[in-house]
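Two complexes are shown next, each including chain A; its partner changes from chain B in the first to chain C in the second.
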Partner chain A sequence: MDISVLLFYGLSFIVLCFALAVVVSNNPVYSAFYLAITMVSLAFVYFILQAYFIAGVQLIVYAGAVMVLFVMVLMMFDLKKEKDSFSKGRMSNFLKVSSVGWLWGLIAGAIYMSSDLLSMGATLHNKDGVGTTTKDLAKLLYTDYIFAFELLGLLLLLIAVGAVAVSRIKGGTHA
Partner chain B sequence: MLNFESLAAIGLNHYLIVSAALFCIGMVGVLVRRNVLVILMSIELMLNAVNLSFVAFSHFSQNINGQVMVFFVMTIAAAEAGVGLAIAVTIFKRFKEVNISFFEQLKG
Partner chain C sequence: MGSDLFEISVNLIKMIIIFVMMVQLVPLLVWVERRGSAFIQNRLGPNRIGPLGLTQLLADAVKFIFKEEFIPEKTKKFIFYAAPVVSLIPAALAFGAIPLSMPINIEAFTMFGESYGPYRFAFQSFELGIGIVFVLGISSLGPYAMLMAGWASNNKYSLLGALRACAQSISYELALGLSIVGVLLLYGTFDFSEMIAAQQGPLNFMWFGKEVTLGFLPNWGIFYQPLGAIIFLTAVFAETNRTPFDLPEAEAELVAGYHTEYSGLKMNMFYIGEYGHMMAASALMAVFYFGGYDIPFVTAEDVNAGVTWFGQAIDPLLTTVASWAPFVGDSLAEALGFSANKAAIGTAFVFHIAMFAKILFFLWVFVWVRWTIPRFRYDQLMDLGWKTMLPWALFNTIITAIVIFIMRTNWS
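This part shows the complex of A and B:
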């Protein structure tokens, strides 16, 4: 038994358990806390997949910025434990959960059936000779993807202005 | 058939199965919960599941392009969370609750 195998199973177990805890927890503050743990463990998964830059960005952007945003809004709302946190209708909920379970089974079956194809595709290395270090990522980001990168900056500016504009709307259905 | 050798050697399939499970958990959250904040968190879970499969493919095919996509997805996810939380704040100002059923009351 290799250490990386144990690491994979342990980390995926943590990720899936805390993701489930996010969904079933009654208190949104606990949900945010479990989500932060999920993000950090996913960062470790990226780390063992040797995506070091992505792991760092995951820690900073998700476990840092996005979670702080969520927690700030939660503190603003001062939410107590919710009475009806789940949608009503036992039958419809059963249908929803079971159909998502079927979806997972379908995806897992598709992955299992195409495992030969996947392993074949995985051995097809890229022909450009581009490595997988952070330096290569930066080069690609600033050459091939430069237009998308600049657009992303524009989008973030737009979102910053838009979020302020939306949250400044006074109460009432007609602003 | 399930053999233990395939369980011991971690390949692309294992990561994809975990990613699919994470996506489905997020989907259950979006469908079943009523609190807007928890729904937004579940959407983040789904986006993270997609990121995980991108990184797994990128690692096992030694192709860095997948990681660039993950970078973009993360930025879009942060923007989406910002706008979603702003809308949740407006809902809360009006109704003192962040239930998804109040969203039909929103008008321009």
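This part shows the complex of A and C:
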């Protein structure tokens, strides 16, 4: 067995364990830390799959920026009341049960839809590394997927403007 | 890692040596910092213990190890212990990914009766094609250590310091990332070695489609990206939490910031992490804007010729002296004898000295600035990051793209 295969399964197991820990954990800050570890391990899974650029971007964007913000914001709040109100009551029970149903549906759907990929995997797996370099990725983004890419950019701009607008409504320290 | 045992063991030893190099530079830097601050402020600094106060480092190390381990009540134990380690890892990984000299090409040779094939050893812990993306990604994990330390300490000053540090790091990461885009556009690669290769020789650029060479200047990035270099250096100061941006540790307001509750060796690990970040930042500054391990006006062939000349000159002396040794004389003489492989290793070390001189210079700049410029106020810091440096970095990116497009088009 190749050592990268071993590493892949080991890291995937770690990812799954910590992803489970995110959901199971009692303390929101710990949940956020587990999610951060999940993100970092996922980046290293990408490294093992030789998608280096995706791995680097995963590290910078998700592990380095998004999750740091999550952790930081969670630390600023004292989330005791919210936790209780979320873990008790008929409404939240209904939400929980229904989300379990949604999740199982999602997993079943993903397995069902991706069963075709197993046969496609043999053809997708290219040995000469075409489509794995940053340049190839950039070419794809700026030719075939330019519309979706630009739309995403616009969406992010809208979110940024919206966030500024929301935070300025009641005045802040800088108002 | 490598194809056979020799290559794998050399790569492993290399990793350890580069990590130890990083860790062992820290006490020296602390000494430089204390003596340098004393020099700048017209004081004496630590000068009692040993020559120039150099053994003060040893005394400090002993103190760090033997200090009583004190942990406040109601801390989150695991995270409290984990935070110093987490602060050390990103710095070590980032520093390991930066080439410290040119790769060593070893020709086939025989050792102890077995022949080993030709090798190519990169002068860095590990070589990744996406160098800069990896370094940025790994060093963006730095804030976790501060957050963990601050939150687990169960101390309001720690938490406030951690939150400040984190907000500051995230704000300046944007300017840092954007200031590098100009460099990436210029060299068209993520790979450090290719970047350094592009900076060899005299200043050489395209002027409206014609090639222009200015022989009296080296082909360094600083001449193409002066604004980017300034933004990068400033952002790096903020990222490493050094004065003028050391708001997380503002003594007057926050005791000591996120590591208020830490003492002994754990405190020391935070120090190593901070200085490791500084080293990685200095190395990046050298690679992006100051030609990496390039020595101006000297090519690798010149250095190799010089090393070969020197090696051949001392070769008879060394082998004669070695052959006098009892029992092992002949094999020792053979081992010390001059060969092309040793010339390659010597050349790499000469370039390593050049790279290290640049790193040490920027480390001195860190110390110099710390004891020259006073601390910012927090809102000034945020304004500088978001309203000044980010727009200027964006401007630099756009201007670089346009200028590169115009200059590299063939106009004739």
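Criterion: the second predicted complex is superposed on the first by the 115 of 175 C-alpha atoms of A that agree within 3 Å, B and C clash if a C-alpha of one lies under 4 Å from a C-alpha of the other, contacts with A are read in each partner's own complex, and residues count from 1 in each chain.
The rule we apply is simple: contacts are C-beta pairs under 8 Å (C-beta built on N, C-alpha and C of every residue); 3 or more make two chains touch, one makes a residue touch a chain.
These figures come from a predicted structure and were not determined experimentally.
Of the two partner chains placed by the overlay, chain B and chain C both lie in contact with A:Met76. When the two structures are aligned on the shared chain, A:Ala43 is found in touch with chain C, with no touch to chain B. In the superposed pair of complexes, A:Ala65 makes contact with chain B and with chain C alike. Ranking chain B and chain C by residues of chain A touched puts B first. Contacts of A:Val57 after superposition on the shared chain: both chain B and chain C are touched. With both structures placed on the common chain, the touch criterion links A:Thr143 to neither chain B nor chain C.
Of the two partner chains placed around the shared chain by superposition, chain B is the only one that A:Val22 touches, whereas chain C remains out of contact. Contacts of chain A with chain B, set against its contacts with chain C after fitting on chain A, overlap at residues 53, 57-58, 65, 69, 76, 173-174.
Interface of chain A with chain C (complex): residues 29, 33, 36, 40, 43, 52-53, 55-60, 63-65, 68-69, 71-72, 75-76, 134, 173-174. Against chain A, in their complex, chain C makes its touches with residues 79, 128-130, 133-134, 136-138, 140-141, 143-144, 147-148, 150-151, 159, 162-163, 166-167, 169-170, 173, 177, 190, 379. Only residues 1-2, 4-5, 8, 12, 15-16, 19-20, 22-23, 28, 31-32, 35, 38-39, 42, 45-46, 49-51, 53-54, 57-58, 61-62, 65-66, 69-70, 73-74, 76-77, 79, 82, 84-87, 93, 96-97, 100-101, 103-104, 107-108, 111-112, 115, 118-119, 121-122, 124-126, 130-132, 136-137, 140-141, 145, 148, 152, 155-156, 159-160, 162-164, 166-167, 169-175 of chain A touch chain B when the two sit together in their complex. Against chain A, the residues of chain B that register as touching in their complex are 8-18, 20-29, 31-35, 37-38, 40-42, 44-45, 48, 51-52, 55-56, 58-65, 67-68, 70-72, 74-79, 81-83, 85-90, 92-94, 98, 105-108.
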